[in-house]
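Order as written gives the chain letters A, B and C; numbering starts at 1 within each chain.
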Amino acid sequence: MLGVIVRRLALLPLILLGVATLTFVIVAISPFDPIRAYVGAETPISAEGREEIARAWGLDQSEPERMIRWAGRLLQGDLGHSTMLEGRPVSEALLERAGPTLVLIGTSLALVLVGGLIAGVLAAAFRDSWFDWLVRSVSHFNIAAPSFWVALMALYIFSVQLNWLPAAGTTDLRGEGGTGIDLKHLILPAVTLAITQQAWFTMYIRNTLLEVMREDYVQYATAQGIGRTALLLRHALPNALIPFVTLIGVNMGEIIGGSILIETVFAWPGLGTLTRDAALSADLPLLIAITIIGAFFVIMGNLFADVSYRVLDPRIRETGA
Amino acid sequence: MSRHLFLLSILAAIVLATTAACGNDDDGEAVGATGDTLVIALTSEPENLSPIFMDFYAGNWRTFNGLLSYDADLNLVPDLAAEMPDVSEDGETVTVRLREDVTFHDGEPLTSDDVVFTYESLLDPDVGTELRARFDLAEVIEGVEAIDEHTVEFHLSRPDAAFFHKLYPGIVPQHLLEGEDLNTADFNRNPVGTGPFVFDEWSSGERIVMTANEDYHHGDVGIPRVVFTFIEDENARVSQLRDGTVDATAVPPRLAGDFRDDDNFQVVEVPSADARVAVLPHDEPNLEDPQVRRALAMGINREAIVDGVLAGSGEPAYGPYIAGAMPPEIPHDPDAARELIEEAGWSTGSDGFYERDGERLGFELLYPSGDSVRRDIALAIRSDLQELGVDVEVDGAGWDVITDRFGSGDAGNMFAWGQPYDPDLELYLHFHSAFLDDGEPFNNPARIDDPAIDDALDTGRRSLDPDERLAAYSDLQEALQEDASWLFGVYMQPTIVMASNISDVEVQPEGHFHGVSRGVMWAMEDWQID
Amino acid sequence: MTAPTTTASTSGWRSRWRWAIPRRVPFAAGISGSLLVIILFIVATADIIRPIDTYTVDFAAALQSPSLSSPMGTDELGRDIMTRVFHGLRVSLFVSLMASVVALVLGGAIGLAAGALGGKVDSVLMRFLDVFASQNHLLFGIVLAVLFRPALGPMGAILLAVGLTHWTQMARIVRGELLSLRERQFVGAAINGGAGRWRLAWRHYLPHLLPAMGLGFVLLFPHAIFHESALSFLGVGLPPHQASLGNLLADSRSLILVGAWWAALFPGLMLLLTSLAIGTLGEYWRDRHNPRWRSELEL
């Protein structure tokens, strides 16, 4: 058990190194001109200006040299400097934007957990009823519907038409003390992100419970006259968090991707909008850092899923390493 | 690890996330500026508030004043100077007398030493300011000298018609900056100036807060507290305006329409020199004949573009914006345009497009893919010229591709440019043949090589006589229409939507680049909240 | 565990593909199939049923709500949205199809090489795959699109961005199938008969892998559609004047603020229906074919 975790953890730096190398190689072989992208717009630059910029950004060195220096800095936690933000350290920009994204993702995961539990248990309890059918259809729909479109339609209905909820930003800006994130601004982005992530958990709960129901002791209990729903609840609630954690890990990539698109629609000032802005202004240092961090979270998510699965599921603990 | 502990920690994390989310839940619903705070959404966050690093077109933050500043009609007027500066007979000595009642926000009085320090910093090659190059400061200024506590003398290397513009940069306090590395000084994000608004706080990525300066040397400041926030996304700015989070912001003209009918808002249009121009590809054999290019200029329905793409917030453009020397109007006349094209030897082919020797009359027009207004204008020009029988292929691209293809002359580009200050600030670079072979695509991008144009530009640059300059620039306008390799389309009029209870808003003409002290905000200290 | 091709030993096209032709088609699959036929019809005949130039500007007709002459309304430049949706659907489907092909070829080749050559090659290729698989699809796609747009053009950059982020699943499927095939006897016989490894892969494995690859391809397709439109929506995909579903949705962001809901509803609905139809058919095919793949194909 511990051995598995240690082995996976030992592989982690190797995979991360691979990810970093891959990213660097792709940047190196692409014909992209970072200097022009930096200067942007209709701005004339002279040959000397070009050289000066190249020197300032270390683009005048050979590629292997740059790779080594870049990797060295990366190991020290220096992610480089953003071109879009006029040379601000990338790590500073990332930290600044991480808060709103964590709140957004955290809230929608809480919604996924609660909503998925309720819908999944009820769908399993009333298998093949109209409710089950509804839950399954909605889940199917949510998997196929592009998240940014769901967000756009929600924005139109609740913000433009009904004028119930604000469509952009995180907070009221007038406040005297610091600003934060208020609930009203959070509802639309968090709910739409939850909607697009809801399906995997709801369907998991439903299908697991249906399997459980086939087991002998359930059949026996039912025969004893214990209500089906009560039984499902008793079984489902304590065990729901296990697959939830596992599934968060497995779906980490989807969650990150979803938050980029949803943040864009609602102008949520988190890492997602930062990513989009960086992409639009071709800010490579920032983009590369975000990609590597994204990969890190995907890898950690998988590892976490694996570990939580082993820690929490006694059956695996017995048979596993 | 115990299983329960694990579950508990996850639960705790979720609860924490939700409570953090609910932490700041107050109702600020009412639309319109409330109480004494005004929220203004800018399109991007500054990196630096120091006027040393100011972008001339953006202007000084309202925390600072320059020696001179611009009035509503862009005339230069005294600001920190007590009166307009004296220029010596030979034009090489400029004497500025300072007001004696000005203090910095920390209470220290403003003296001529601060002025000398500011200009010496601007001249210092180690200080990374764009103003040095834009104003040719190093070449023009030979020395700055404090004559007494309130008098400063500038010694120039040559007479300079545009020198008063160079007295606009904000003055910084020597006592706070002496001996510091200006490029990285804490001052840049924590400034102290003389202006109507006192810097209060800056939370990165979120807002900059300023409060009214009680002792402002030009009198009372109307707004007690201003919050600047930064929203790049135009749709988000509109949403925030509508839900009352923001009181004033720039809105794309098409989206401004709704606010015109809404009593809670007022729409302010800023007169602007900001032109949208289709610069034709210089290496396109189809377009070598100026007569054909002039025909294209007649084929564009500029009024329709102003109404359709800009929702009326714009003006037709027939040449660069030069106050006092505006270009003559070009009529929209497709029939006359067709005649010109046919005269030049083109005839209509079977597909409805003009042909000559089996070659179809047309060109490719690029626009920067992030700019929806330029895209729409390009598409409108395409439709107009298609009606004429000219095939325009429109394509969106990033700057690197545009630089490449436009630079090599095989595609045109939707250019955005213009400024209402001194004409010489930009025209020379755009039209003079001196830049024909410098290899830089955005210097003289149409590769114009016309002695009449060069003459006009040279006179405009050298002459100190305002009338002679204007006459030269009038000649320039005509020569440019004759050449017609820049297809001028429209001048934009930025639309600013603000809460209707903000009054006493006055506008100042602005250019392609906007800023916190240009356009609508140049005299923000005079606004009142009713 | 059922092997993918139970009738593999018999020859002939019909018997090999028999599993793909169902006896009784369930309701959802039937609907999806019909939908797909309609979509393909629209894509094939877009020029005939909505033969309007998708760029031509007509300010007089700007921002009209859905009507008989323009059933999906018009946009801010007076262009008919139905025309743009149909042509956009065609563009999006074409780009996604090509991107899936890139992923199929890349993943197929690497999976085949890993499975057929085994040993060191296999483990090196699999680590390589791990590295690619740990990239977030959308993030890595954005970086690729930004980097390669100048050189390959917007279309080429998207193909690369979607292809390079989606080949890993295909490679896993192919390799997995190959390993299970290798355990089977007729392959052992061929090895004893002295067939070379590549020849073996080509002659004996590939035909048996085709159904699996085809299924992987179909299940990949909706993802490719989504990623194409997401990249365009974020502004790093196709040039914004070109009608594609992602671009139409990006444009609709400002249009819904002035109440033009139709600008967002119809392109999104088309995107949804297309991926729903293809996805449902793919899943139905998979369930019939080999339920074991459920986990491997969660793309």
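Definition applied: a residue touches a chain if its C-beta (ideal position, glycine included) is under 8 Å from a C-beta of that chain, and two chains touch if they have at least 3 such contacts.
In this text the structure is predicted, and so the values were computed from the model without any measurement.
Enquirer: Viewed as a graph of touching chains, is the assembly arranged as a line, ring, star, complete set, or other?
Expert: complete
Enquirer: Give me the ID of the chain with the smallest distance between its Cα centroid and the all-protein Cα centroid.
Expert: A
Enquirer: Suppose each chain is reduced to the average of its Cα coordinates; what separation in Å results between subunit B and subunit C?
Expert: Centre separation, subunit B to subunit C: 45 Å.
Enquirer: List the centre-to-centre spacing of subunit A and subunit B in whole Å, with centres computed as mean CA coordinates.
Expert: About 38 Å separates the centre of subunit A from that of subunit B.
Enquirer: Roughly how many whole angstrom separate the Cα centroids of subunit A and subunit C?
Expert: That gives a centre separation of 23 Å.
Enquirer: Mark out which residues of subunit B touch at least two other chains, giving numbers and ranges.
Expert: 235, 239, 370, 398, 400
Enquirer: If I count partner chains per residue in subunit A, which residues reach a count of at least 2?
Expert: In subunit A, the residues touching two or more other chains are 32-33, 155, 264, 280, 282.
Enquirer: Multi-chain contacts in subunit C: which residues touch at least two other chains?
Expert: Each of 150, 235, 253, 257, 259 in subunit C touches at least two other chains.
Enquirer: With touch defined as at the start, can you tell me which subunit B residues reach subunit A in the complex?
Expert: It comes out as residues 1, 3, 6-7, 10-11, 13-14, 16-18, 20-26, 28, 34-35, 37, 39, 47-48, 203-207, 227, 229, 231-233, 235-237, 239-240, 242-243, 245-246, 368, 370, 398-400, 403, 415-417, 429, 438-443, 445.
Enquirer: Write out the stretch or stretches of subunit B touching subunit C in their complex.
Expert: Within the complex, subunit B touches subunit C at residues 234-235, 238-239, 252, 254-255, 257-258, 304, 307-309, 367, 369-370, 372, 375-376, 378-380, 382-383, 386, 394-398, 400-401, 404.
Enquirer: For a test of understanding, state which residues of subunit A touch subunit C in their complex under the given definition.
Expert: For this pair, the touching residues of subunit A are 14-15, 18-19, 21-23, 26-27, 30-33, 140-141, 143-146, 148-149, 152-153, 155-156, 160, 250, 253, 256-257, 260-261, 264-265, 275-276, 279-280, 282, 284, 287-288, 290-291, 294-295, 297-299, 302.
Enquirer: Give every residue of subunit C touching subunit A within the complex, in rising order.
Expert: Going through subunit C, the ones touching subunit A are 127-128, 130-132, 134-140, 142-148, 150-151, 222, 226, 229-230, 233-236, 249, 252-253, 256-257, 259, 261, 264-265, 268, 271-272, 275-276, 279-280, 298.
Enquirer: Considering only the defined contacts, which subunit C positions touch subunit B in the complex?
Expert: 55-59, 62, 76-78, 149-150, 235, 239-242, 251, 253-254, 257-259
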